[in-house]
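Following are the structures in question.
One chain, subunit A, links the two complexes that follow: it is found with subunit B in the first and with subunit C in the second.
Now for the complex of A and B:
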């Protein structure tokens, strides 16, 4: 049972504030991913929880107890580093046993615990080797083993698979998930890779320039991004964002993208849901799968010209020219054969997001 | 790399090998000279041209370790017959070994050699130990004026040490440190420390700090992390630094000459002082010098693996 709570954390590096009033409550057994670009403060937050970085303001509570003044050693937390940080002069066995030796555990028990962890991670045959003889994936397993062996209150992972190649990364991602489900421990995981975040997290914390942008389940942050930053950071291919003007028509609302001459048809309910923002500076966000296209004209569909087609295997991404703006649409592979084709497009209103351009905040319009 | 080397590449390679061989021979010539003289009969040591082929003997080493006097007349044949083989070698040279009762009196060489060993070993341990701690501090913590402090530490090496020899001598006399082991040790530690700090700082910077952070999170204090993780990782650097500090302290001549005369005198000022009276006994001096070369050679040989091995070997992925 481990709950972690961060209350009003502030952190400065010299004159630069890297974390602004950060508040976050993490439930027992939860898998939390801190997601953001490099320099957003996610690693600093993690290191502060670990005790490797001091904070200038606020409280870090583990099971209700403030720990910000405790040394790393006294917080009973384990951490996996991006660089793995396996001690080169020790064998794999010694590496995994190292945290146990700090607790003055008997050697028989150390041996038992190390072998148990090695079995779970399937690295028993590597125990006698030195880290330099291991592959990247095995190094990572050992690093995780070293973190798991002590049965710590919480696991912290700082981009643990960032240094691996793409295929191995996918494999290890699944393995980390499997371990979490099996072992179950409160985990905080830092990454800049939104796919990693989506696939692993119970909840994602998106950070930008030291501020939390949104906290939510993968589905929440994907389907209901709180602001333009989250909208464009989460999801691949990236969400289309364009200036938009909304005008009321007889039976529908027309959303004009950029400098286009005609608008996309939306239900009239949009106007009331925009809650007075209709006349203001708006941004429309629509993911490529929310841009629907067909070959023949139909009600509510607008004629557009295709530009670049990017085949991605299971689907294609097609650039559509709307005014001077490009909208990226997701289509079946080979649906559009190339640039210059004329197709008909509309925007799925249920997948559209409206943002206030000035603040970047979502207007929470759900149609 | 090309699989096949061109003729000119092969030629260049051979020239390089020959050059290295020649350079090695030049560097080894004085050592050969000392070693060969140490085993020569006395009268062959000063022949012109030098004698290259001779029957080696250990008489110079016997002379080196014993106190002797010139004999006025020939030795009594009975005494000669009763003497052990090494004493006969001394009688052969027209000398006799000084004795108190039955005990052979040793020369000062073993004492001086021990002095050298004591001073060099202790000063090396202290200089490297202090240097390692200091370098760790500079490498891992934010220190106000770090660059200035490091420059200050280095600046102690900018003056030729001999320049301060006289003031140091006067100061040492006042505090009673002259002709003492501790005095020489302090001097050599002070001299080697700046070097040790700078060298170790370079090695410490090479050790990723994630190792210690991992140890801190694994439940160890910083001190424990330092001893369990940093020191083993720094072994290569410590070995290299120790070799350099040891050689400096072992070979130091000027300060040892000025600051010591009896009790704490080290081998370097002692060996040439034996030239003093009468005809110089080059073979005995060469024997002393030859033995003096051995500790450094052995020390360096023992640490050769550490000196050659890289600092880390790929357990950190960047």
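Now for the complex of A and C:
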């Protein structure tokens, strides 16, 4: 039972402020992912919670108790490092036993706990080996084992699988999820990989330049990005964002992208929901799967020309020329054979996002 | 040698203009060094091995005779020589232990960032850079019974450090510790800074206390480099001559190297002193071999 709360955290490195007034409440057993580019302050936040970094302002509460003045050792949290940080001169057994022996646990109990954790992580046959003899994935299992073995109040993970190759990363991702479901402990996980974040998190915290951009479930963050940064950071392929102007027509609203001559048809309700943000300061965001294309003309579809086609196996990404802008659409594999083809496109109004260009904030238009 | 990849000469360089090849330049560096080593090190080494089986005396012109193993037999049954070895062993143990403790301790203190760290480190290294004979002479003054600062500071009255048979050897050892601890410190510092910071962070997260971290992480990870320092210092301490010779004439502080010097250049017993030198050499080799074996074992871990 561990709740962690961050209240008004501020952190400076010299004159540079790396964390700005950060507030976050993490529930018991929750899997929280801090997501952002390098230098966004996510690792600093994690290290501050761990006690490896001091903070200049604010409170860190673990189970309601302020811990920002406690040393790392007194906070009873475990951490998995990106570099694994296994003790190179000790065997796997000794590595996992280290946190238990450091607190003078009896040897019988140490042995039992280590073997139990090794069994859960399926590394029993590695216990006698040195870290240098292990593969990257096994090293990470050992590092996780060392963190799990003493049943800490919370688990902190700093890009734990960032150093592994792609296939192993996917494997370990599933394993971390399996462990979390099975062991259940409050977990804070730092990554720059949005796929990792989406697949693991109960809630994602997206950070940029020391500010929290949005906190929400993977679905919320993906379907209702709070601002342009989140919209473009989460999701692959990246969301299309283009300047847009909206004009009212007889039975529909026309959304003109960039300098295109004709607009996409949207329901008239859009006009009232935009609250006067009609032209000039508006940006339209649409994920590639929200751009629908077909081969023959139909009501509401606009004729466009295909440019580059990127075949990705399970689907293709097709660039469509709309005015001078490119709109990327997701299609079935092989739907478009190559550049220069003429197809018909429309934008799915339910998947469209409108942002205020000046502030970058979402206008929360839901059609 | 042939497998060493040489960078090719810049054709515009002056060396190329003189018609030198890479090989020529390489030889210009290596051949003088090799020649020097052969003439001044290897040749005397082999020649003195020959002398050790004779009764040759460098200050007499009469012909010498081959005496077989007699020199060695006499030396190894000479109680006087054995007491020199015991003195040397005491000296090596005291001075090397002292250097390891002081040197490693200083390194631990210096292994963090604080203002003027570079300057302080350099100052601490100064003793090592001085000439041993000069250090000996200065410490003789420091130890002086009537007006030496050491007795004054510690309030020891007129305690005669260097002419007291019980303390002379240890007084020399203290000087050696003062002079050579910086060497251990330097190597230890290199070892300590090579321990990755993230291991200390992991240990802190794992709730390890200072002492536990020190004994389970710091010491095992720096032990290979500490052993190297130990090997160097043992070898050097074993053949200490200059400091001890300039500081004291007490027979209780007569190290094996001083005995060797007296035999060779005061008694002019050249053949016998060559034999003694070989006995010392074999002992030093044996000790360092033990260390190196242990070092390899430590490195395997």
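Operating definition for what follows: the second predicted complex is superposed on the first by the 365 of 367 C-alpha atoms of A that agree within 3 Å, B and C clash if a C-alpha of one lies under 4 Å from a C-alpha of the other, contacts with A are read in each partner's own complex, and residues count from 1 in each chain.
Definition applied: a residue touches a chain if its C-beta (ideal position, glycine included) is under 8 Å from a C-beta of that chain, and two chains touch if they have at least 3 such contacts.
Computed from a predicted structure; not experimentally measured.
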(request) Have a look at subunit B and subunit C on subunit A after the superposition and call it: clash or fit. (result) clash
(request) Answer with first, second, both or neither: which of subunit B and subunit C does A:179 touch in the superposed model? (result) neither
(request) Check the residue A:271 against both partner chains and state whether it touches subunit B (first), subunit C (second), both, or neither. (result) neither
(request) Using the superposition on chain A described above, determine whether A:163 touches subunit B (first), subunit C (second), both, or neither. (result) first
(request) Once the structures are superposed on A, label A:52 by its partner contacts, choosing first (subunit B), second (subunit C), both or neither. (result) both
(message) Of the two partners subunit B and subunit C, which one touches more residues belonging to subunit A?
(response) B
(message) With both complexes overlaid on chain A, does A:363 touch subunit B (first), subunit C (second), both or neither?
(response) neither
(message) Contact-wise, after the overlay, does A:139 reach subunit B, subunit C, both or neither (first, second, both, neither)?
(response) first
(request) Classify the contacts of A:110 with the two partner chains as first (subunit B alone), second (subunit C alone), both, or neither. (result) neither
(message) Under the contact rule defined above, give the subunit A residues that sit at the interface with subunit B and also at the interface with subunit C.
(response) 50-52, 71-73, 76-79, 81, 83, 85, 87-89, 98-99, 102-103, 130, 146, 150
(message) Show me the residue ranges of subunit A that touch subunit B in the complex, using the header's touch definition.
(response) 50-52, 71-73, 76-79, 81-89, 98-99, 102-103, 130-132, 136, 139, 146, 150, 156, 163
(request) Mind listing the subunit A positions that touch subunit C in their complex? (result) 50-52, 71-74, 76-79, 81, 83, 85, 87-89, 98-99, 102-103, 130, 146, 150
(request) Would you pull the subunit C residues touching subunit A in the complex into a rising list? (result) 196, 198-199, 201-209, 212, 216-217, 220-221, 301
(request) Enumerate the contact residues on subunit B facing subunit A in the complex. (result) 208, 210-211, 213-221, 224, 228-229, 232-233, 312-318
